[in-house]
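Here the chain labels run A, B and C in written order, and each chain numbers its own residues starting at 1.
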Amino acid sequence: MHTIPLKLLTIIGESVLEDRLVRFLRDHGARGYTAYDVRGEGSRGVRSAHPDERNVKITTVVSPQVADAILEALAREYFPFYAVIAYVEEVHVVRGEKYI
Amino acid sequence: MHTIPLKLLTIIGESVLEDRLVRFLRDHGARGYTAYDVRGEGSRGVRSAHPDERNVKITTVVSPQVADAILEALAREYFPFYAVIAYVEEVHVVRGEKYI
Amino acid sequence: MHTIPLKLLTIIGESVLEDRLVRFLRDHGARGYTAYDVRGEGSRGVRSAHPDERNVKITTVVSPQVADAILEALAREYFPFYAVIAYVEEVHVVRGEKYI
């Protein structure tokens, strides 16, 4: 089956950031996204002061260039201010042309 | 730790397709699956006419051969008719023999 | 963008195991996690006796050494007794130093 290698970018942050992060992804070139609620604790090893606080996991399939642009902007605009986690994986996508 | 390299196949589509997609996966050789509700927008860059419409994300761990058979059948039977997204990742699985 | 290659470890099991699995991950070196409810069927190809039973998917970003330690301990302490699935993927993480 013909697939195209692309990047699956995952961002995890507080639920209140969802709309803003979705706009942010679009502004940097993402053409779609998936979001769902998660619970958890960050890598700082301490429970949040608000343990009931919901987090959101947002994933988007993008080109390597768009992934890089998003990570650069996240590092500049979000990481100094919010407990946001981001990582990138290699995926092989059917009809991947749609994402470029 | 001994692991086996396999394929993690992800399909995202409208929630109404869930039962059908699960049967479809089984019919093409998948031996298990995980499903959960997500929200989001497709890669066509337009909001759905039904923004409240739920999507489902289904993942399954399969052999490379089964992954390929599923993607081929998806491209033939789903992609022309439904807004379905599919991608494959490499995963390393403990007790991977169970999935082959 | 500078990223660090790490391991994304995923565990899927019965929801009743969540708290125990989270403690287990911490005890073996994980510094954070994400959990969410999923439905599905295992790789044994039979429906559970309790089809409404909820499963939980737990993911954590860890170093290769911690991933290996967790998989070894899972194989020893969980796999003989519970229908638990575990797999590992390679991810590239922004500010990955936090996870080591």
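Everything below uses one rule, namely that a contact is a pair of C-beta atoms (placed from the backbone, for glycine too) under 8 Å apart; a residue touches a chain by one contact, two chains touch by 3 or more.
It should be emphasised that the depicted structure is a prediction, and the values quoted were computed from it without experimental measurement.
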Problem set entry | Interface sides of chain A and chain C: same vs different residues, half threshold | different
Seminar exercise, completed: chain B onto chain C, same sequence, C-alpha superposition: rotation to the nearest 5 degrees is 120
Seminar exercise, completed: dist(centroid_CA(chain A), centroid_CA(chain C)) in Å evaluates to 20
Seminar exercise, completed: Contacts with two or more other chains occur in chain C at residues 36, 89-90
For this session: Going by the contact rule at the top, pick out the chain B residues touching chain A in the complex.
Result: 10, 12, 36-45, 55, 57, 68, 71-72, 74-75, 79, 85-90
Exercise. Considering the complex alone, what residue numbers of chain C touch chain A?
Worked result: 1, 3, 6, 8, 31-36, 61, 89-95, 98-99
